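Look at the two complexes coming up: subunit A is in both, with subunit B in one and subunit C in the other.
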Partner chain A sequence: MADFSLEVKDEGDVVVIETNGYLNNVGGEKISQACYEKMENGKILFLLDLENSKVVNSIGVSILIEIIEKLQDVDGRLGYYNLAPIVEKTFNIMGLTKYSTVFSSKSEALEGMS
Partner chain B sequence: MSDKSPPKVELTIPIIPDMELAATKTAEVVAKHMDLDDEKSAEISMALIEATINAFEHSDSAEGNVQIHFVIQGELLVIKVTDRGKGFDKSQVKIPTIEEKITSDHKRGWGLQLIQELMDTVEFESTKEGTTVTMTKKK
Partner chain C sequence: MEISGSDQLEYYLSSLNELGEILIEADKVEQIGTGVLRLTLGTIMASKGVIFLYKKDKEELSFLASQGIDKAEPISPPKKFVENIKKYRYGHVVLENTPKWITGKLKKQIVESKTRVILPLFHQNHMLGVMCVSKKFMGEEYSSTDVKILEIIAHHLTKALYNYELIQDVEDKKTEINLKLLELETLFDISVAISSVLDTEELGEDVLWRAVGILNASKGMMLLQKETNPILEPSATFNWDEKTPLLSKKLEVFKKIEENNAGVVLTPENKVHLQKKLNEKHLVVAPLKAKNKTQGYMVLCNKETRHGIEAFNQLDLDLLTALCNQAAVAMDNAKLFKDITEAKQFNESILGSIATGVITLDPIGEIDSINLAGTTIMKMEEENIVGNHYMYLFEKDEEILELISSAEIENKIRSEINIPFFTVSKETVINMSVAPRLDPEGNTQGLVIALEDITDVSKVKNTFKRYVSKQVVDELLDDDAKLNLGGEKREVTILFTDIRGFTSMSEKMKPERVVSTLNEYFSQMIDIVFKYNGTLDKIIGDELMIVYGAPIAAENDTERAVITAVEMQDQIKILNKERKKRKEAPIQFGVGINRGLVVSGNIGSRDMMDYTVIGDTVNLGARLCSAAGPGEILVSDSVWEVTKENFSYNPLDPINVKGKKDKISVYQIQT
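Now for the complex of A and B:
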């Protein structure tokens, strides 16, 4: 199995999740678990740093759609930065960019989420 | 005119989670050999991941593996992904939209859409004896 790990950090009101590895079903589930735990504690703003997840599949990305749906219920938001071009293209094809935001850098992302 | 057949790479991968990444490693080598740019190489790898996991998930293949053929026809790369599973009816596959998926319990089902968007041409041949997805990318 491909290794997948993540690091979760609070940066003010925003939860930043740095991922590492193949974003497949396993990776997607780990991200959603981390988000839902934080949502239980009142967090509603999430940023994914995907610099070290340059390979994804549609099953993993589908789990991000689930997170977006849950965040809509609490007026929350999901954003991303450091995307590989093919990952951004995949997000565009699947329509994630209609309901979440791709930022060009961490600083722009933190500013855009606040 | 040369009788030499076009360069071909044949790969058999077992239906084991994440083994689709073995196919992408081969695709990267083939793309490099063809001097394809990074964007096209990444699109090929992504489409190949989707075609392979579709075969893994939906074929119910007793054979337990998937065959992948890469054929370099001059400026054209032809990739065939074949399983010996139960086949499927493409006309029954609904084109997904984010508007429908975001409220649906079933968020998956994006593979064919991604393959069609990322490759230049895609053809499906499916019978009760199996499915072959043929994808091409021009240099």
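Now for the complex of A and C:
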């Protein structure tokens, strides 16, 4: 099976996670693991760059919801940018965008999260 | 210290007040369970207690909250417990001894928790759980008030659990509806893609991605089948790192799908060859079928859940089938569009590359297309032609209008050649053919006009037909390379004829008689010249100058020249018999033939230019003609050398000719 990979970068107070691959169970777990590790170090603002994750399934979405719930407990936030139309549509329908924000670009996202 | 009844009541009331706060504040069922259990045990002074939730679908009791004992794995209660506890649904059970209907792991828990009172948590006939409370502190017995308080708490807990279950149910339904909405949106998106994406590969990939995502599959591939290939071709894969194995369309699973006209769900129990080939146990496979023809298959692997992989179900197969049906129609459309585009491009490239102009007219006679050659012939831009009615476009050409109109009315092909085309210019000449445009049902959908500009051909014919035979003109037109009018050195055979005594003869004749005599003579002689493909170079008075080997050379140029001369002399005898009947004087002429190098080409001024040959060879031919007596054919050494095997010659004494220092050998043909 194709590997899901991600790159985690700190950009000021915001943690930017660039993903690559199918955002499913495997991909979602890797993202949540990266988020929780950063949360332990006090980070509460997270941005996902989904440019290279063109497909997401509902398991991936449910893991993102878990991350959002955990972030809500610490007044944190999750945002996304570079979403493929099909991914954005899925996020909208599954109600993810009610509790997290979709940005149109990285600069807008960094500005919106700070 | 004695506790008064009113103190006790106040304590219970404050507990109930606290219960209300717990139920209002808690937003998770676990918080409700823990809060209510603590409050209950504190209120009636008990040390241990458990609240179990009953899950009807799994028929198990799971720990919602516990105090004084460790939480354990969910318990499957005995059926008798579920049946008996229902009898106490709005009350309680005080356990003196463990009743017979409490057995197994449940009994063990009851014993360990020293449960004294069991409070069933029922909403109508539906069991939501049970609350177990241990003996009171210091073994004190439960009073009726204690039990009443326990029942009140249990009723409130029941209501809270029911509400929670309702909320949970709504949340689940909401998620379910969202998923259904996502499925519908996916189907809708694909239906949109049918009309927007026209690349079959892109379309296949798009549908596969959506199918994998919507069905929570871990990976997938789209296989296309071609009639000529026994192997299914993987046209798109998603999340598939491994090399795709060779899959024959004869595999049992594909045959089964074809026979049953339905896809399949494969689980580890199935053990079919496809699972082995793909090294995957959980598969869902649906055919891509359009117009009752299977185009291929969509294969998805491993339905993901948060807890691992589970089997695909019938709903998954139904959804994948719906996606595949749409995809197949879309791909069929895309393929059809591709075929039509290719056919159109092919037709356009043919129409664009041919020299014949092609104009199409719609059913009302307006021009809807013209190819490149058409615009070149018309000497107009396409935009100035398309959209106009043909009657407007060809208004200067009555003959053309009649031709088109006749094809239109009679619904038959009409052709005409050598039509002057005044639309372009007075000089333009075209060949035109008009044919009805028919649709597949044979209905007329307009006309197709093919036009060929033959102006140049016409000019060449007009120019050359006076000098050479039709055969030579056709040969020249067939192969431009043979036509070199720019001037070149070449070897030719020259034939001269000259009527003997014509000047004195003509002095006795009326001028018009002179002309008619010459015309009759030349007409018959030139017919013979053209018969043997000679080129009539000049008519000078009563003289003819004929060339063989220019503009087109042939191996037997000299033989043809000699035959021409012989036949001319034979023909003049026939003509003279006619003339004798008409009481006219006979015509006699001499012939001289020479062969050698000349310069050929279009010679003259800009206003008057003729194709001719010049040089000593020409002069000697003329001298030989001058030397020839009436009815005599004299040839030079070069002609004799080439034709001596085929003709009989009398060698004559060499003669002096003007411009030549030495005498020239001369041969006379025996006729």
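Couple of notes before you dig in:
The rule is simple: the second predicted complex is superposed on the first by the 114 of 114 C-alpha atoms of A that agree within 3 Å, B and C clash if a C-alpha of one lies under 4 Å from a C-alpha of the other, contacts with A are read in each partner's own complex, and residues count from 1 in each chain.
The rule is simple: a contact is a pair of C-beta atoms (placed from the backbone, for glycine too) under 8 Å apart; a residue touches a chain by one contact, two chains touch by 3 or more.
What you see is a predicted model; the values in this text were computed from it and never measured.
Look at A:76: by the touch rule set out above, it reaches neither subunit B nor subunit C. Ranked by how many residues of subunit A each touches, subunit B and subunit C are led by B.
In the superposed pair of complexes, A:68 makes contact with subunit B only, with no contact to subunit C. When the two structures are aligned on the shared chain, A:86 is found in touch with subunit B and with subunit C.
In the superposition on chain A, A:58 makes contact with both subunit B and subunit C. In the overlay built on the shared chain, the residue A:21 is in contact with subunit C alone; subunit B does not reach it.
Once chain A of one complex is fitted onto chain A of the other, the partner contacts of A:94 extend to both subunit B and subunit C.
Overlap of the subunit B and subunit C interfaces on subunit A: residues 1-2, 22, 24, 55-59, 62-63, 86, 89-90, 93-95.
Those residues of subunit A lying in contact with subunit B across their complex are 1-2, 22, 24, 55-59, 61-63, 65-66, 68-69, 72, 84-86, 89-90, 93-96, 98-99. For subunit A in complex with subunit C, the residues that touch the partner chain are 1-3, 21-22, 24-26, 54-59, 62-63, 86, 89-90, 93-95.
Note for the complex: subunit C touches subunit A at residues 174-175, 178-179, 181-182, 185, 189, 209-210, 212-219, 238-242, 304-306.
Partner subunit A is touched in their complex by these residues of subunit B: 17-18, 20-21, 24, 38-39, 42-43, 45-46, 49-50, 53, 96-99, 101-103, 107-108, 110-111, 113-114, 117-118.
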